[in-house]
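Every chain is named by a letter (A, B, C, D, E, F, G, H, I and J) in the order it is written, and numbering of its residues begins at 1.
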């Protein structure tokens, strides 16, 4: 397909998200931009850009400036993006969306395995979900099969001894 | 620390797991083996080995043979590991364990972002949690800070058109 | 009854569904078309057509073109149907609708039986709900009794060994 | 694999099931019998046999006789199988087992589509989950891909007009 | 009391019900009609008439005609009543309304007793809630005490043997 | 079938019920008695007898005497039946047993209809579930179809005006 | 404080309550009336008056007349108050409001104690919450400490023997 | 009935309660004592005594001494009663026991009314459930009807201004 | 950053909060004031001021006067702030916001430890959340690391002996 | 009171905790030691010691040595304390214990206030519950009133920009 596939916003989700989400998605669709393209323009990771659109990540003044530029929407419309996000309300948990459920299922099935392996490698602590970044890549194997590779990278935080 | 840190099994979890889990963990502790060491011996990934111990992954006859060898426990004790696992019951959801909750929180906060990015990169579908593998690595940056890097790799499954 | 029985959209469900659902149902009722008739016109299965109306399946550009044609509604109205569906929110789970509850009850009562039989026939894995299709047929037996026959067909996905 | 793959009972499930379930599964494993083989011997469908093992279906005196025969266990051990089952408690809902979750997800995603199509084909009513049978078949397509085909067949029950 | 007591619709319930519910209740109040009176006019049971008002039962074309007549509202307003009801959403479960909670409590306390008695009288099966009717009667005993008598009558459906 | 069909107690239910439940059911099975037969012997309704067995109704000293007589078990074994029942814990709510779920579904679908009809017939109040009795009858229509008729009879309690 | 403290209606609660609640509270505030004052005027208990304002108790025609009088609002505005209340939806359960939670906690902590004491004093039955009244009083002890005294008075209903 | 009615402990509740509960109830039954009688002996309120039996209230050394005396059980058996209770786990919430549910329903229906009345009488605060006492009394009116009168008395705690 | 960081109100939260919340936040942002600055102006703690903005704490007439002054909004707009707050509905529990979840997790992990330590230090009782105040401070250690120090101070309330 | 008040372990909690919890509490009671005294001996904070007893914090080899010493129990009994804790399962959430509920209520009522204040003081991030410590102190004011002062101190973690 010559033209890019674009994520858009289901109208029934709008109420759960900050007021700037819908106009951002509308502008993105109008300009025909992927999150990857926007990320390259503003110098942030693709997942982080999507997270800003869903109200899950804070935008800096520069982000807003550049988003305004690339989306051709006055930056005044997106100033609330520089506020402190109220995270965690984009969708229900457990997820009902099949794609998101699969990620939830990985936590359900492998959660204790991840814990055991991290404990052995790092000691008693957690992988931070705050001091954290993530990317999604596509790999195509020799048989032409497409694979999704998600990388979750978080700082190791040992439990304080007190 | 000279001796390896070893994951063990909290006694209050035993009832939720298959009968072979506890003796496996006991034998592992007795032999002082990490999941990494066991994985190298039996030729499987560290996360997969942990998953077998928690009853979340099937063992092949060869796995049982080699586990028996390295743990010095007769393989008869672990034959149920070759059965079909009844997955998903290792712990409660939402997770109450802080380490596992952080993974759940990543799904909660970034779930729709992952979906949007995957949809743009792959189309309408999901990342399989079945035709799937995973690894956990440690990275240490220049400042000496430890980072956890989890890789989730799953086959892309497009929704059938029917 | 000479004229066809037509599914319509309960007004109190509208908020849970994408914005295009209601006008699609209205147009369908106005034209007096069943999902079967629409499916034949656009070359897709009856269940898949209903799924598109409820925002549970993606429409291709050709689908939108043909829906526009048969429903006599400009295709601009349904362009959001080509977006990536946000599935799983059509109704509550457990279902409160008696017809849908019966399907849920089948999963509740026979779930482990299906698992056991599939494990014996295929090994350790799942039936995909993504690489999947379904149909609903009517059978009338010799006594004149009507039977519903639902066929669920999904690709077998074995758990990866890693 | 020359010897048949056999479903067995996870030890942590035993408490949720009737007392006869575990010895039935143990005897089945000892004899190396699939549900299909047992079904052929006793003249019942494979899914129904599994349902009896999980306490989800009633056995007739003849069933118990024949099960006793083929499993080589005195029929006295299984007399409780002729009681009235207390159905629905084999596993948690929503299911946590990935295979069973996929079936649940089909109900979640396609429930209203099934309802709409049945309403158009049959009128106002439900498909019975009581006057009901089911089978699971394997299909292999030309590319050698395995498909699961589940057939759910239930009597149509129109809502009474009163 | 000379004038009849009339059930009306709490304004905060309107959103959960189909769009025709509120105007039906308004018209009923305006005409001063009980469900019993309406039932007598249209030839249906009182409980069934109430169920139609709450969107829990389908109306036939004749029902709509007669409702239109007795309520003096053009039948065009109630055509959606002939659609297929999306049942089960009139109120929360467990019920918070004391009157409805008492019925729920009867199921909670006596559910297994009803099951045991029906199993002994009929075998393995269920009482249909679809092929079903119900009535509510008032009895006054010699002491002048009023009693409610609810009759639930449903077809017995034996579990299929398959 | 010449010998009566008898309700028995699923072994996995035992923990939820008082200690006397299981021996009562065992004795009942041994004597081949239905709840109807026991009720006739002790002069109580069939549903009430079942309720006593499930720990949902109190037994009088005479009941215990007569139960001891007919079941041929020393009455000392059942003295706890004269205690004050701790009702409501026989099974989960929402019910997972199909027979009991159907009763729950009737409350879900017709709850507001019952309320409306009772309000019109009796005023503002409830039907008591305490000053209450119930019976289950079988009716066979001309076509030979079996119907279950459940009668719920409770005292009308008007809300106090204060 | 010379002027009375007045309960008002949080704007975010309005949707859960009947349409007449908000104008009642507004009129009450405008007139500077407490529930006690209104209760004295109309001859009903303070708690009952508050319950009418929250849609939890039915008003008689005289109540509406007198409320109209004291609040100086035409009685037409409050006619829906004479309808049959749809109780139980004023707030979430478990309560999140600290004052209401404390009452819930009393039930949680002392529920079985109340049951035991009532059973010993009255036998097997319940305290009616329907044939019921309640009052809230202030007591000030010698140290000047204020105490709340809530009286719950309900008719004793013995379980019917049937 | 000449001999007193005595509350006892349902055997299926034992696991939720502290280890001393069951022997306390057994001794109480053996001695034929009501909570009222025990309360009079040890100088505490009847509800408080029951609360101690259910592990919801702390016993002083004197209480244990006197309980030991009146129940004729060595006080060593009840020393754990002087520990700090782990309150709130005697039964499920929402309550399934009808008697306890009625109290819960009073909170559900009248919670906001109690709040409004207390706010008007006392200001912004709560009634303490800690600095609290309660009693249950029986009143018999002229018609011979029995009424339960529960008194809840708690210290008023105003919200701190900070 | 020269200009202060300001908390604002996510538009999707507005419906859960009292009507005055949004205009308060808007005025605060327009004036560029932190909660600390407002607190200093009106003589209340920073956390208490934020609580008033979220409808979780009552304002005195003086508070409203001073808020009106510093925010330059007529005090009429905020008179509802002097009403009795309907607390507890600002966000879902368990919290989905990561910052708030961490506080919840502290209660989950250390709740029983806090209880044990308080019981040993104070006896049988609770720390009041009503007669309570709190502050949040920043500490920077020698390494320049920032630490949050939350102080929760509540009156100790011993359980009444009754 | 001359002898110290000691926290002990409710017998009904034992199953939720690691196997070492109960013997630790028993030994502590036998030796008459508070958590404060143990903390002083082993050089850890009182809350941390309690957390180790409840299986919520890891013990170092030195901790086990010193615990063994002060409790006079061979250290072999407590070696599992050096394992990686499986946190979060000590009690239900929402808490039913009144003391712990008050802490939960503080999060419920003040959660967004804490977030707003922290965001203004620190930016976009969270207070760590891992790199964290806590203490409980008693303050007695001039009137002799006892106050609990809980200090929660956690490292500030800003959200990564990626």
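The rule is simple: contacts are C-beta pairs under 8 Å (C-beta built on N, C-alpha and C of every residue); 3 or more make two chains touch, one makes a residue touch a chain.
Which chain is which protein? Per UniProt: A, B, C, D, E, F, G, H, I, J = Cyanate hydratase.
None of these values were measured; they are calculated from a predicted model.
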item: Chain labels contacting chain D (Cyanate hydratase) and also chain H (Cyanate hydratase); value: E, F
item: Averaged-CA centre spacing for the pair chain D (Cyanate hydratase) and chain C (Cyanate hydratase), given as whole angstrom; value: 24
item: Geometric centre distance via CA averages, chain I (Cyanate hydratase)-chain B (Cyanate hydratase), whole Å; value: 41
item: Where chain D (Cyanate hydratase) and chain G (Cyanate hydratase) are represented by their mean Cα positions, the distance between them in whole Å; value: 52
item: Where chain A (Cyanate hydratase) touches two or more other chains at once, by residue number; value: 5-7, 47-48, 84-85, 87-88, 93-98, 101, 105, 108-109, 115-116, 119, 125-126, 128-130, 132, 134
item: Interchain contacts (touch definition) - all pairs; value: A-B, A-C, A-D, A-I, A-J, B-C, B-D, B-I, B-J, C-D, C-E, C-F, D-E, D-F, E-F, E-G, E-H, F-G, F-H, G-H, G-I, G-J, H-I, H-J, I-J
item: Contact footprint of chain H (Cyanate hydratase) on chain E (Cyanate hydratase) as seen in their complex; value: 94, 96, 98, 101, 105, 108-109
item: Residues on chain C (Cyanate hydratase) engaged by chain D (Cyanate hydratase) in the complex (per definition of touch); value: 4-7, 34-36, 46-48, 50-51, 53-54, 56, 87-88, 90-91, 93-95, 97-100, 102-123, 125-129, 132, 134, 136, 138-139, 145-156
item: Partner chain A (Cyanate hydratase), residues of chain J (Cyanate hydratase) touching it in the complex; value: 44-45, 47-48, 57-58, 60, 84-85, 115-116, 119, 124-126, 128, 130-134, 157-162
item: Contact set on chain J (Cyanate hydratase) toward chain B (Cyanate hydratase) in their complex; value: 15-19, 55, 80, 83-89, 93, 129-130
item: Touch list for chain D (Cyanate hydratase) against partner chain B (Cyanate hydratase), complex; value: 5-8, 10-13, 92, 95-98, 101
